[in-house]
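Each structure below is given as structure tokens.
What follows is a pair of complexes built around chain A, which joins chain B in one and chain C in the other.
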Partner chain A sequence: MKTATDLLLTAYAWFCAIAVFLATSLLLGFLLKRGMGVIHPRLFFGDTPWFPALLGTKPVFEGIWPALVGTLALVLVSSVMAIPLGIASGIYLSEYASARVRSMLGFAVDVLSGTPSIVMGLFGFTMILFLRKTALPQARPSLFLAAGCITLLILPYVIRTTQTALEAIPEHIRLLGPSLGLTHWHHVRHVLLPSASRGILSGAILAIGRASEDTAVIMLTGVVARAGLPASLWDKFEALPFRIYTLAAEHRSVQELDQGFGMALVLLLMTGSLFAVASFLQRSLEKRWKTT
Partner chain B sequence: MTIRGLSVWFSERTVLDRISFTACPGRIVVIVGPSGSGKTTLLRAVNRLNECFPNCRTEGSVELRLNGRDGDIYRDFVPLPDLRRKVGMVFQTPSVLPFSTRKNLAMPLKVTLGLDGARLSERVEWALREVSLWDEVKDRLHADASTLSGGQQQRLCLARVLALEPQILLLDEPTASLDFKATEKIEELLTKLKKRYTILAVSHSLSQTRRLADRVCVLRDGRIVRELDHQHLQDLNEFQRLVEDAF
Partner chain C sequence: MQEHARTRIPANHVQPVRERWIRRSLLIATGISAGAILFIFVLLVYFCLPLVNSGGMSSVLSWQWKPFGGEFGILPMCAGSLFLSVFALGLAFPAAIGICGFATVLAPRSVARSTLVMVHFMTSIPTVIYGFASVFLLVPLVRDWFSTGTGFSFLTAGLSLSLLILPTIVLVFHARLQQIDPALRLAAEAMGLTPVRQFLHVLVPAASKGLVVAAILGFGRAIGDTLISLMLAGNAPRIPDSLFDSIRTLTAHIALVLATDSQSMSYRSVFASGLILFLLMGAVNFLIRRLDRGPGENRYENGH
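Moving on to the complex of A and B:
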């Protein structure tokens, strides 16, 4: 028979689960209500015809297309830098580092993960000032600098989830590779990484989500209100989080605020799509790993 | 296989204390003893798997004949990965990888021996036939190995080891997590395999030990306190008395 404590804890657990579900539903519902009405090609392309706007042959002045592309570019560049580096670091910490090195590097990773994003942005900005006075007088805020700072911001997520996923592998699987005569690297590559793939993916997804929504870092390192489509990594760029922030802070009418909600919805959809692509890639890779 | 004065410590704790015995092909040596007596550590000392654990120190010698050469494995007379291929180990819990049945066998063959194509497929089939698993899995080689029953998984693990052409088999309670039917199949297999391999096994079951063993080593507190030959295994009551005395 359940005690009063059991019943209370069960009720509390249900309450928390329902509260989270309700909060998420309310947020989504509110965004859909306020933002759905403005989801229209005009939101993306303004007065520019959509096909030349997509190809970049004609500039978009009022639409969010350049900001959408800028955000995608930022997320992709920072993910390409952070995810392999983070996974490799996580593997090193879990499988190669001595206890002393693990402790020191682990501390450094924890400090990095606790760094406020505005401080990371200041770091990037200070880096530009330093480079301008020394080796690179032509250095300036750019997509690459912003992506680099975002990489530093999201690296700890990937490192820690990779390390945790590897360390959670049960002992009988850890002994299996060496017992079959696999070298240490073969054991990591062919036994441990496939066994930890889902945990590693969750870290990558977390990192992608974080990269797509951060505003403080990019404000100081390359994002501007109007820049058009980014022509290269060394150009300034637009980004959805920054557009949402400026619209929320400086809107002059309810319609403009509703545009902000529309952009927030687009950002959510974009991030959700990136998660779906990442999950699909992981499932395809897993299917390939399992059979070939 | 000749073990002389083998001692193993983890941190400052002595797990094995000056163990010495021999084993050869054609005979199964079963190690029995109370929990914590060092049985698994003794098995793992033969393929140096204890070194995967932190703060492990080993002294003494384990001399093996591998590929026609004799040597002490702790003097690096053969590279470690080669040693572990030649001294195959099957664990208590069936350790299937999160792959298909076929890949569980194929991956170590590809990675350690460089087998591919037809040669790989032949070896996979041969190993599965050796453990009488081929007919049960041939139509679902690409299904996840975790969908196999416990007994099938354990036979798969044995096939995986046999595919690497070992010379010595280390079996750590291979039937501990299996029902009696699956246990029967594994025991039949081991009786067949002992003709070709040196087999060192750990068992918690005295009846299984009587059925399988040609020689029994009783371990207590890291030392061999009794060795029993085939003649001691004939009478169940006598065998039980001898083992209980040693425990």
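Moving on to the complex of A and C:
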């Protein structure tokens, strides 16, 4: 029997879903409309010919190329640190740790994942102050410092997804290793890890997405508005999200603003495609365990 | 958080050296990951210590922020963070429950699925893009509709922030709803409850703890966010009188001071802000842990 409450709440639920859908599509539509026209080699390289710009032999002044390279370098360095460390920790927590240790270290990982990114940035900043006072008087914010702080930010994602992927492996597969007389590590390496590989991979990809979008960490640890291509790990650098942030506050011309929209769209395409790959992997994993 | 029954390999009597080394290096990796949080905490405390020793604590814990007048109070920023997060949660939480109900019982299967995909996708949109789009979309709207102020206000930031934390709440609560034993839902169906009543009287009470956890996580996400308030809230360090006033949050305060000021007292107020945020998020996590451990957990959940 349907009453007024039913009707009212049904309408409310539909309203919520439609409102959020509209808000999101408004946001995306707005970005697409303003950003689509700007996506052009000029957006990336400005007036510099594209080939020397790609090689880094000629500097790019107008385009977003240095920011894009900065973001990619940041992502690369932080993934190289975070992904192996995270997977190893995930394996330990899921397969080696006792329940007590798992719960204690798990709590530490939870707190790490809850730490706001600005606090992570502040950590990097204090790190520099600390190093200056003690061992390294010439320490200054740099690409490497930013990557280190981003590593801490994305580490919990990798750990948790690795752990979840391993724990989701059904019991009958877990019996395979012991029944063959494999050692613990061989069991993990040749039975469990291959079974969980897609889940682990999707976690790594999500972490990469998170690394490429974060702004608060890098703004305290070495990103600047204008730096050109990063010369080394110890140099200041540009990054897409930070450029977008500064352009929102202080664009001097319509062209600069258009560039901002173009960058926003490029960043969105980047994180969006990473997300699509990760969710495809996750879905295929779920299907796999359901059918077996 | 759930413990799985799992087969453990019986302790090997002849444990090869290799096995031991692998185990040890995995433990070291885990130790580094878990130790990082301790390191962050210690470093923050270390930089806050001068504040306690020199008696600057009372100066920082006051209601006035006038760096050139020698006043470095961060309480307005604490209040700003708190108000803004509560406001965003107040908007996002009911909407998230609505969407969960929509996706769980009301919508046709394919619509429900695509709604969840959309919510999932929302988590992948960079925060800076929410902020950027809002600066050019929402700020002019607020300015023109209410014709007060610049549009960079509590309201603008609150609206954007609620959109930002909505996916977190929806996904966490929806995951909890999925864990409910299907038999419960079937029983409710068999008793002839309408979908709305199934959701309201059976599913939500069965996942009530998930409701609290989702709200707390959403709140934590709102407190911890920097970019939205930094870009949209106007950043005036005072207690807001109305929705259209400009405010400054703790997170934005850290970013602003480190970008502009260079006085040592300003710096110290930043370390204090960082420590407050850190402790707050620690408390949030502790609370969630306690909730998940509490008695009566998993009453209606699908046993493994």
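Note that the second predicted complex is superposed on the first by the 236 of 292 C-alpha atoms of A that agree within 3 Å, B and C clash if a C-alpha of one lies under 4 Å from a C-alpha of the other, contacts with A are read in each partner's own complex, and residues count from 1 in each chain.
As a convention for this text, contacts are C-beta pairs under 8 Å (C-beta built on N, C-alpha and C of every residue); 3 or more make two chains touch, one makes a residue touch a chain.
Predicted model, so just to flag it, every value in this text is computed and none were measured.
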Which superposed partner A:Pro178 touches (first chain B, second chain C, both, neither): both
Contacts of A:Met36 with chain B and chain C, given as first, second, both or neither: neither
Contacts of A:Ala225 with chain B and chain C, given as first, second, both or neither: neither
Touched partner set for A:Ile159, first chain B, second chain C, both or neither: second
First (chain B), second (chain C), both or neither touched by A:Pro194: first
Chain B versus chain C as contact partner of A:Leu22, first or second or both or neither: neither
Residue contacts on chain A - larger count, chain B or chain C: C
Chain A positions touched by chain B in one structure and by chain C in the second: 174-175, 178, 183
Contact set on chain C toward chain A in their complex: 3-7, 9-10, 12, 16, 18-19, 22-23, 25-27, 29-30, 32-38, 40, 43-44, 46-47, 94-96, 98-99, 101-103, 106-107, 115, 117-133, 135-137, 163, 166, 194-197, 200, 220, 223-227, 230-231, 251, 254-255, 258-259, 270-271, 274, 277-278, 281-282, 284-285, 288-289
Chain A residues touching chain C - in the complex, by the definition given at the top: 1-2, 5-6, 9-10, 12-17, 19-21, 23-24, 26-27, 30-31, 34, 84-86, 88-89, 91-93, 96-97, 99, 105, 107-112, 114-123, 125-127, 129-130, 152, 155-156, 159, 167, 171, 174-175, 177-178, 183-185, 187, 209, 212-216, 219-220, 241, 244-245, 247-249, 260, 264, 267-268, 271-272, 274-275, 279
Touching residues (chain side chain A, partner chain B) in the complex: 172-176, 178-183, 186, 190-191, 194-195, 289-292
Of chain B, residues touching chain A in the complex: 47, 49, 52, 81-85, 88-89, 91-93, 95, 97-100, 102-103, 107-108, 111-112, 142, 144, 160-161, 164
